[in-house]
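Multiple structures are listed underneath, in structure tokens.
In what comes next, chain A is part of two complexes: it sits with chain B in the first one and with chain C in the second one.
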Partner chain A sequence: MIKEAETLRKESFYRKYIRPIITHKVFSLVIILLALVVLFSIWSAAQGKQFFKASTLRNILNSIVLTSFLTIGAGMLLIAGDMDLSQAAVGAFGGIVLAASIVYWKLPWFVGIIICLLLCGVLGAINAIMVTRYRFPSFIATLAMMSMAKGLMYIFSTIGKGSDVASNIAVNNPYLNFIGKGTIGPVPFGIIVMLVFFLVYGILLTKTKIGLKIMLMGGNKAAANLAGINSKKILFALFVNASVLAGVAGIFSTGRLGQGSLLALQTNQFSGLTAAILGGISFGGGSGGMGGAFVGLLILNTFQIGMGVVGVNPYWVNVFSGVILLIALATDFISRRRLRSV
Partner chain B sequence: MTKSLEFRGIGKSFPGVRALDNVSFRAEGGKVLALLGENGAGKSTLLKIMSGDLKADEGEVLLNGKKVEFPGPREAIEAGISVIYQERQLIPSMSVMENIFAGALPKTKLGLFDKRRLYNEATEIIRKFGLDIDPLEPVGQLNIAHQQMVEIMKAYRRNSDIIAFDEPTAPLTEKEIKILFELILKLKEEGKVVIYVSHRLAEIFQVTDEIVVLKDGKFVKTLKTSETTEAELIKAMVGRDIGDTYANLKRNDNIGDVVLEVDKLSNLVLKDVSFKLRRGEILGFAGLVGAGRTEVARAIFGVDPITSGEIRLEGKPVSFKNPGEAIRAGIALAPEDRKYEGLVMFRSIKDNVVMPVIDTLNKGIFVDKNELTKLANKAVEKYSIKTPTIDKKTSELSGGNQQKVILGRWTNEKMVTKVLILDEPTKGIDVGAKAEIYQTVCDLARQGIAVIYISSELTEVINLADNIVVMRRGRVTGIVPREEATEEKVLALAMRD
Partner chain C sequence: MQKRKIISRILRNKSTPLIVILIIMCIITMIVSSGVLKGEPLSAMFTRGFLSGGNLIGIFNKLVIQAFMMCGIVLLLIGGNIDLSVAGQAGLTAMVFAWLCQKTSLHWIIIFLICVVMGAILGLLNTLLVNRLKFPSFIATIGMSSVYAGLCNIMTKGDNIQISTAKHGSFVTMGRANIGGWLPVLFLVAVIVLIAYQFILSRTTFGRSLYMCGGNSTAARLSGLKPDRILRFLFLNNSILAAIGGLLWVSQYQLASPTAITSSGMDFEVISASVLGGVAFHGGSGSIGGAFVALMVLNVFENMLHVMNVQDYYIVFATGAILVIALGIDYINAERRRKALLVASISGASETK
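Up next is the complex of A and B:
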């Protein structure tokens, strides 16, 4: 009798604390991440190098800051069942707007940031209107926006310049320098902002009413609409959100580079989406979360940096990143098919 | 030798439903055979077995006296069977001639496709049918009637011996129907087996030679069209035993004031739909598929736009721009398609129950998990939903329990449901669970909720509803009180032109 109660308590401890962790999708992602770290540690040790140092950790975290803002925006949209391909272009546009407003328009740095985020938000609203009101497929609407935002970026880089030739805008502002390169204690400012954003969006998604609605409409938009969830309104907000977050990425990019660059964020669109999907956010919507997206980003960049440390030709890294995306997509489709057959 | 198609002892089951049970009959070349039955009688299932889309569990199909078995639609087509469904199976962007010859484009000696020969042969067929269609025109640009003609020509080109039509006249105008009938007679003269599925009795008398009546998946009888009457047909379709299920229901006999009044409601599908719904009343909606019953529900609920007419809720005119507004005013809709419109299948019972009331929960912008659990537990208890936990995904529940989750959603204590619209609530649900749902609906009526009950099962509507609105082609053709309702009467209103 006592023994029974004992096993019952053990079991309930297991059910309550252990099982939720190991059955959680993020858990398997963390395992993959650790496996990658072990792999690269052994590989580099075999070459007489050391992979895992405090600086490596910081490098990896630092390298995901820009992408993370795109991943959060893309992830929120994907969970709701939609996507945005224009984020990186919008972010680069925002970075140029910020540099131009400080250098050419002689505005204070914080006004520049506000203008940058506002204009990015407007572009996001245009995406949203195209998709929710005029029912363009978001793939096409945001592809068009990608081109428009690029064009606007070139145009804005010449406003107030006195020349029609677009170019990078060098900016040397102490506040922007801090945003880009400053540290609080030993930790770079960017990493702190990123972690706060992941936390806030994670809470938004799992603990709030709007988060529940996003998950439900991503799971079945028709049913959500018929149950009174205004999916158009939510989608509108999420498109604006994705673009404003892209603007944040643009601000960090300008701060880090010390210039509004016409080539900013070029490679981040792809890795932003890849990380979200890698982290268990499904293309079909309705599943995944911010924890997964964060670990997804870590996996992707650990992989890329690790390959660099062990000296693999960097061109191969791109090939392997593509392969990782394919694997992530394949597992997504397989698990969704399995769900459907239930 | 005359062509023929024979079914022997065909049986087919789906989870919870016996769709066909020991169906045997024979269709002969040079005759048009009608397949007649209510919704759910098994006509579509039979067509799908014929076309190789489904496999029969029991029995055999004999084509020209020889036993055949089709692994898929392709084999059925090759054997000479063409089924022309209501949904076109054409490629809209391709030309008429390419569609007619789809899968068998003529080739030149070099193996390239021979456009000239294709054009000539297509023109030949079009002329044979006496139609005015340009072989080069993309099919998507033709009107629906002509698209259907293309489909018939495709079947003709395949040299099919057996051609079946599923409700072919539904989208057609009078004039187009005439052309279709001429084509059918032509096919008949050529000695082909023509099978014609339709609800429209007038047409059946016009174009068919024999009638096979199905009911609840069973073969009832074969009749010669020239020797039967409309009344006899309806009786053959309907006459069935009604069990004790309905006799034992605890009904509501306390019907109150008018809650919802619909006055000359019109839109793309609906024409001047008017009716009144009272507190505690179950108002049945009967009619054939496509009669516009679902559209009435959608118009009231703010899903589809209204072009004219008025809806009054407790005397006040209302017009909802989206379902959210309708829900807040006290109207709820359980849609016909539970899987795609009702539930978010991969989310928990809990989440599905609270969907419409998320905004009214406590704790500001945050979700109060305890309150959520309480609401969901109450729903599980109230409707005795069989599940170990409220965290179970709704996709893992049976059809009956899924429907109860939806009922739980619309009657949770945060809702102010005055009008509950149920669209085919017992579709795909087994018999035992159906009886439970009936009692639940009666209980809700006893609590004062006004219920609109849309169903294609006549027995169900007649025995459950206090009054029955019968619709046909977007119009209300009659409102029948339960005391006067017989299946013959309702069916006649639903079918007569």
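Up next is the complex of A and C:
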């Protein structure tokens, strides 16, 4: 009798605490992450190098800062069932605007940041108008915006310069240097900002009414509209949000490189989107969260940094990041099949 | 009466505005780029600038690989799927082809066939991912494209591979052959392929069943079609066409480059042209003819800015802007049609009363 009660208690303990963790989407991602860490630790130890140390962790976190802002924006949009391909280009545009406003237009740094975010917001609003008001397919509309933002970036890098040859703009501003390279204690400033953003957006998504509405919209747009949710308004806000966050990424990029670069964020074209999807935000919308997106980013970059530590030809990184994406999709597939069989 | 019907049909056709834009653009470019406005004789219009042989061959050459990609992608889009790895596949097969040409002494036709088979295998890989494992095609093929781009670079550590003219002379002549110094033969081949696919789409049972699969795959299955099998065929077809397009690219430029095809954004241009040309992004409608007209508009527009010596960064901006403008025209047309339908239905309802 007592034994039965004991097993029952154990069972309910399992049901209550352990099963939700094991069946949670993020859990399988964490397992992949740990597996990667173990793999690289052994691999680098075999070569006589050390992977598992504090500086590596800091490198990994540091390398995801730029992408993380893109991921948050892309993730929120994906959850609502839409996407934005123009983020990286808009971010690079923002970085150039910031640099140009400080160097060429002789404005104080905070005004530069405000102008940068405003202009990025305007581009986002154009995206939003195209998609919500005129019902252009978002794939094409944002692709067009990508090309326009790139063009605008070149054009803005020549305004007030005197010549009309587009080039990188070197900035040496103490505040921007702090944003890009400064540390608070041992922790770089960028990492703190990134974590705060993840936390805020995570809370926004799970604990507030707006978050619930976004989830509902992504799950079933028609139902959301019938339930009285103004999905156009929310989508508008999300598009602007994605572009402004891209602008934030641009600011950090300018701060880090010490210049407004014409090639900034170019390698991040798809990585924001990829990380969001890796983190369990499904492509059709309606599911996923910021925790998963964060772990997804960690996986992508642990992989890249790890490959660097063990000294693999960088061309292979490209191949494996594709493979990792497919593996993540596969875990998603397996968990969905398990769900179906239950 | 008959005549009026034809005219109204032409006017109502979705690609008519695009064709008009294309013609206007060609004429403007022809006049401005030839320097007639600056006092050149009128005959210069046909020999200099836009209509000069070299420029036209450049435009047509780029259209060949894109036309091959387009046939595959339009069919896939109509069937409700997408493949973003076409450029990667084309690039990889091109690299493998050039590599085999360099290392082995086989005749190029045999290598060509080997590479087409390789393309088919890549297509099977895609169907495995999308059909069997049910990955969303958009993201799975982005992953694959990254894999292909990486493999291309690994093969030669980033170097180009030249095709030796001495060893594979006929292959190189095939790419260079042209009629009258301005029309490449391969472009004619591409046009024949486009027409064949348009015929399949609009005149055969298989073509019509594609539309049904894309529009409503459940209904298609219930009415006895096999969407899975059709999807497999579409991916195969798409990859084989991409492979052939890549190989023809090699014959045009006599070299295979690990980055020229994969990172040129060709696939995006093809997809946006398809959507501009009336192919629904989520499947169920569209035609190859309209898509190809849109592709020509995009290419001619870019070329127009180049021959007019516009600075590169305005061109980048303008290529985005023309997409938006074209989408806007499409929107206006759709609104007008919707209103006309509304008016017709209201008047019809009042008549029955």
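What to note about this one:
Rule of thumb we're sticking to: the second predicted complex is superposed on the first by the 312 of 342 C-alpha atoms of A that agree within 3 Å, B and C clash if a C-alpha of one lies under 4 Å from a C-alpha of the other, contacts with A are read in each partner's own complex, and residues count from 1 in each chain.
Please note the rule applied: a residue touches a chain if its C-beta (ideal position, glycine included) is under 8 Å from a C-beta of that chain, and two chains touch if they have at least 3 such contacts.
The model shown is predicted, which means the values in this text are computed figures rather than measured ones.
Once the two complexes are laid over each other on the shared chain, residue contacts for A:209 go to chain B alone; chain C is not touched.
Contacts of A:322 after superposition on the shared chain: chain C is touched, whereas chain B is not. Once chain A of one complex is fitted onto chain A of the other, the partner contacts of A:27 are absent, as it touches neither chain B nor chain C. Note on chain A: of its two partners chain C and chain B, the one contacting more of its residues is C.
Using the contact criterion defined above for the overlaid structures, shared-chain residue A:219 touches chain B, although it does not reach chain C. Contact with chain B, but none with chain C, is seen for A:230 once the two complexes are overlaid on the shared chain.
Chain contact summary for the complex, chain C toward chain A: residues 129, 133-136, 138-140, 142-151, 153-154, 157-158, 268, 271-272, 275-276, 281, 311-321, 323-324, 327-328, 331. Against chain B, in their complex, chain A makes its touches with residues 207-213, 215-216, 219-220, 222-230, 286-287, 339, 342. Taken together, the chain A residues at the contact with chain C in this complex read 130, 134-137, 139-141, 143-155, 164, 166, 270, 273-274, 277, 282-284, 313, 315-323, 325-326, 329-330, 333.
In the complex of the two chains, the chain B residues touching chain A come out as 301, 303, 322-324, 326-328, 333, 335, 340-347, 351, 354-356, 358-359, 361, 365-367, 393, 395-396, 409.
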